[in-house]
Amino acid sequence: MNDTPGTDSPTTSGAGSTGTAAAAPASHANMLNLKLKVWRQAGPDVHGHFEDYTTTVADDASFLEMLDYVNEDLIRKGDEPISFDHDCREGICGTCGVMIDGQAHGPQKGTATCQLHMRKFNDGDEITIEPWRAAGFPIIKDLVVNRAAFDRIVEAGGYITVNTGAAPDANEIPVPKEASDSAMDAAACIGCGACVAACPNSAANLFTSAKINHLNLLPQGQAERYTRTEAMVETMEEYFGSCTNYGECQEACPKEISIDFIAMMNRDYAKSKLMNLRRLGQKKIG
Amino acid sequence: MTITLDAHIPKGPIADKWTNHKFDLKLVNPSNRRKFDVIVVGSGLAGAAAAATLGELGYNVKVFTYHDSPRRAHSIAAQGGINAAKNYRNDGDSVHRLFYDTVKGGDYRSREANVHRLAEVSVNIIDQATAQGVPFAREYGGLLDNRSFGGAQVARTFYARGQTGQQLLLGAYQALARQIHLGTVTLYNRMDMQDVVVHDGRAQGIVCRDLITGEVQAFSAHAVLLCTGGYGNVYFLSTNAKACNVTATWRAHKKGAAFANPCFTQIHPTCIPPADEFQSKLTLMSESLRNDGRIWVPKSLDETRAAADIPESERDYYLERKYPSFGNLVPRDVASRNAKTVVDEGRGVGPLKNGVYLDFADAIGRFGEDVIKARYGNLFDMYERITGEDPYKVPMRIYPATHYTMGGLWVDYNLQTTIPGLFALGEANFSDHGANRLGASALMQGLADGYFVAPSTVAGYLAGLLGTDPMSVDEPAFVESLSESQGRIDKLMAVKGTETVDHYHRELGKVIWDYCGMSRNKAGLEKALAEIPPLREEFWANVRIPGDPNGWNQSLEKALRVSDFMEMAELKVRDALHREESCGGHFREEHQTEEGEAKRDDENFAYVGAWEYAGPDIQRDAVLHKEDLVFENVALTQRSYK
Amino acid sequence: MTQAMERREGADAPDVNGPHRSSSNLLIDFWRSAVGKKWVMALSGVGLMGFVFAHMFGNLKMFMGRTAFDAYAEGLRSLLYPIMPHGWVLWAMRIGLIAMFAAHIVSAAQLTAMNRRARPIRYQSPRDYIAANFAARTMRWTGIIVALYLLYHLADLTWGWVNPDFVHGAAYDNLVASLSVPYVAAIYLVGNIALGIHLFHGAWSMFQSMGINSPRYNGARKAFAAGFVVVTIGMNCVFVVAILTGFVGS
């Protein structure tokens, strides 16, 4: 079991409980003195706790660069750096993501953690950083979680069955521009998990509906539309909570994907039970 | 092992080579395919496409990625588009023109036969991606839209908003997911490749470090495909994702795979300049911005006024001045080099004087802010998020940054390295872009290799192994490789020095950027060769890696990667020093025309420089092998954009 | 050919709710999914909202005096009489209502349990909600308050257990006797406000759960919910105040 601070004395965090300021980089920018409360957890099955750090960073640094400074300082002192997931740092790979002051990806709308910059904060702010919390996203270490459940949802049906080489000429499938644009809105999902993190129920309906509707909206995706919807919804429900239409996911989504897609998925899921029954009937007849 | 470079280019006219070759390749009977194990390392466009396709064909595929999900590979960050010779616009495009443009754009340092094949299969890629549901931009009639990209004279670029790479990768990832679901592909996520196992003269498998448990494990197969991307992060600051690394290809190189043209790196002209010395990476702004933005710097060296206060007469629109016909749309290498020249002169802009202006005032005046917003709104928003400046009001500041590496493992026409059974696909190989890559060609090459080339050529290799089992991982070759990899980890952990991995990476990056970046000269390259080995020694003597190697340890992950960059960097500089010519992304100051343009030496350097690893003193030991490039279908000319 | 996925802790998805137990019966299969249960909640919600509205509408008779109101109460028993025997339709409606309540409450309970499983460890720092308003976040509490209030309401005016002056059949007098007592009126007001808050989210949310959406009309869904609450619950509160202040009474 992971633990909560209530059962873990803050004094046990030891010598490193308060880091000192990282060396202030020479810069033209304004410098911010910050207090950080960062969730530290050595592994999946051990107690975690918040640890306090102070740091001074330039306001043109990104949020992750701020964590980089803190980490360099920790390493030089011989402490373990804060683990956090990140990669492209331009808001497209979906690897990064933490709760910042109680908001997934922090206070800026439509922005992944890596694209959040420190100028959104003020000198003297205390910033609380916590990992995504969901049973479907177990913590690996500190701020790093395991999001493999998203892959399982896609594997259940988030594709169009077409073997390499079997495709007709691309322009043989006209797609109404509106459908294509709408599919692209859904396909913009970066799979970061902020929707699950922000949802009070840890529901993954925004992610799943975006993946489903990207394909369900296109003519190419019609053949498997209802088997896809049924399989992906039911796989989603193996790992996550249920949608009660809070709308938090839409606010947290760095790509601002609309909860309209959730409604569309709900409609298609109900239809899928009928359509798939018909399909099974056809199978028997055929 | 001595290396002989045989490119295995098929005979016959260039347009028939690939068709003929596919007929000549041996096939594997569908019922025999499941008897073959294939390892694919990397899950970007090349890796995911190859793994999915091989899985569809019926092979047993194992795909490895250090990410949590295959969808995170850095192919996802490509913005602009993907070229294909569809000629949907009826503007004179053809397979031959795409082939010609790519060879010319690569400054005649790529292999004709490979490039022609790339142009041929480009059309199949668009078909495949569309059928998979990639939401390419469309016209109101429902058919696909195209745009002209990177100065191409035909509109052959397909795109999905500014997220083409993401959408194509998701297409490949979804195809891969289907195969994982069907059980033909096994996914190993959060697994970092450490070594290639070579035995009996062929690749037998790989060794990986499980990033979660820290355990080093061996996997064997009949063939290994490296789809592990480029080495742009040798510069520390680049547009590459933070985890991009050279480890897989460098380890293969040390096991006998020749490394070709490591000095060929592409510097992308439109990136946001670093704001301070703790900058962790550079962000690319799509090249399409140059269609409407005008690039300029102040004429005066000690200009202090804000951009808007500098009168027209005191601005230098240097690209328009020097290249009246192409203007701001000159190819990437030319645009980048000219930006460096003006910044080096001291005419750079911004607080650190490290950029040039990309000014939209004229375009906004001509079309109105709404039109510009429709075209570039998301890019402008991104710029504002990063810099805090509003590009509708003040000009953007841009500066070149490392973006793509044309060099990579040497491969023959079959994409096989000099180690039989070891293939390299996508950016990891050197094959198609010569000394400079054209815009919207990287996605094309990754997918061409993965979907269409490797599945045929790998089968041709596997057919010869029918009846042999993959080697047991208990065999000495595997045990040795495992202990070697574990030894490297133990050695790094044992250093217990005082400096961080990032510190050394940054130091290395500075050396390479200063001396082997946008322009290079003999003295600088020699200085770099003198500086790298001591830096490497210091790294191995003084790096500090806290924590436990037997578990999640991001410092250790980075240290393993940086230790390979430390070696690879030396080969890169060595290669740059030996290539006494300027071509594409490789600009040697000694070799330029009177107007300051790159001067090729086709007489002496029309070859692929493939290096063989022959000992730890890389600058002394590395052995150069040359594959002469023969141009039968394209006449060599000097590129001119005047 | 098929290889087992190698399960590695930390790299593979965890077990949380277990796989969907499919059934060959269409409705059972649908019910076993969370999306299906949300449909059930939405459909039963629609029915219950219809009841709430009709109940409010019928109660308007109180402004027409004792005779009209008592006739209305008696009329409910003789709905569709003589086609149906006396009282049968009312009982059928009651059974329908009970079924809808049961479906609504069982779905809610099961979904709540699922949501608890989905986040066994809460956030350890305060959340900063943007979209999730008070109504949405308190659905299960307002739901419980409404259920308790409903039981009280039945005990008060249908069974008469908590109403000392209760006379079977004298609907108007019972109502006035009850709501003239300030604490009883307060209970009614609290119950109705809870119901109003519940419906403010529920009457919008049901559209979403049933996939009734269109970017053009999405604004209208929330306006409908707000309008429904203002009209129905507003009027219910007016009833209470009207009796408490003696505007309606003997």
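The letters A, B and C name the chains in turn, as written, and every chain counts its residues from 1.
Everything below uses one rule, namely that a residue touches a chain if its C-beta (ideal position, glycine included) is under 8 Å from a C-beta of that chain, and two chains touch if they have at least 3 such contacts.
Keep in mind that what you see is a predicted model, and the values were worked out from it rather than measured.
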item	value
Higher-contact pair (C-beta pairs counted), B-C versus A-C	A-C
Chain closest to the middle [Cα centroid of all protein chains]	A
Rounded Å distance between subunit A and subunit B, as computed from the means of their C-alpha atoms	27
Subunit B and subunit C: spacing of chain centres that average the CA atoms, whole Å	59
Between subunit C and subunit A, distance of the C-alpha-averaged centres to the nearest whole Å	34
Residue numbers of subunit C (touch at least two other chains)	9-11
Subunit B, residues touching no fewer than two other chains	68, 180, 187, 189, 212
Shared-contact residues (touching 2 or more other chains) in subunit A	140, 146, 148, 151
Parts of subunit C lying in touch with subunit A, wherever the complex brings them together	9-20, 22, 26, 29-30, 33-39, 111, 114-115, 117-132, 136-137, 139, 201, 204-205, 207-213, 215, 218
Complex contacts: residues of subunit B adjacent to subunit A	49, 52-53, 56, 67-74, 76-77, 86, 88, 124, 126-133, 135-144, 160-161, 163, 165-167, 170, 173-175, 177-178, 180-181, 187, 189, 212, 239, 241-243, 275-281, 283-284, 351-352, 382, 385-388, 451-452, 455, 498-500, 502-503, 544, 546-547, 551-552, 554-555
Subunit C-facing residues of subunit A, complex	2, 4-5, 37, 39, 44, 50, 99, 101-103, 107, 128, 130, 133-136, 138, 140, 146, 148-149, 151-152, 200-203, 233-235, 237-248, 250-252, 258-260, 262-270, 273-274, 277
Residue ranges of subunit C in contact with subunit B within the complex	1-3, 5-6, 8-11
Subunit B residues touching subunit C - in the complex, by the definition given at the top	34, 58, 60, 68, 180, 182-184, 186-190, 210, 212-213
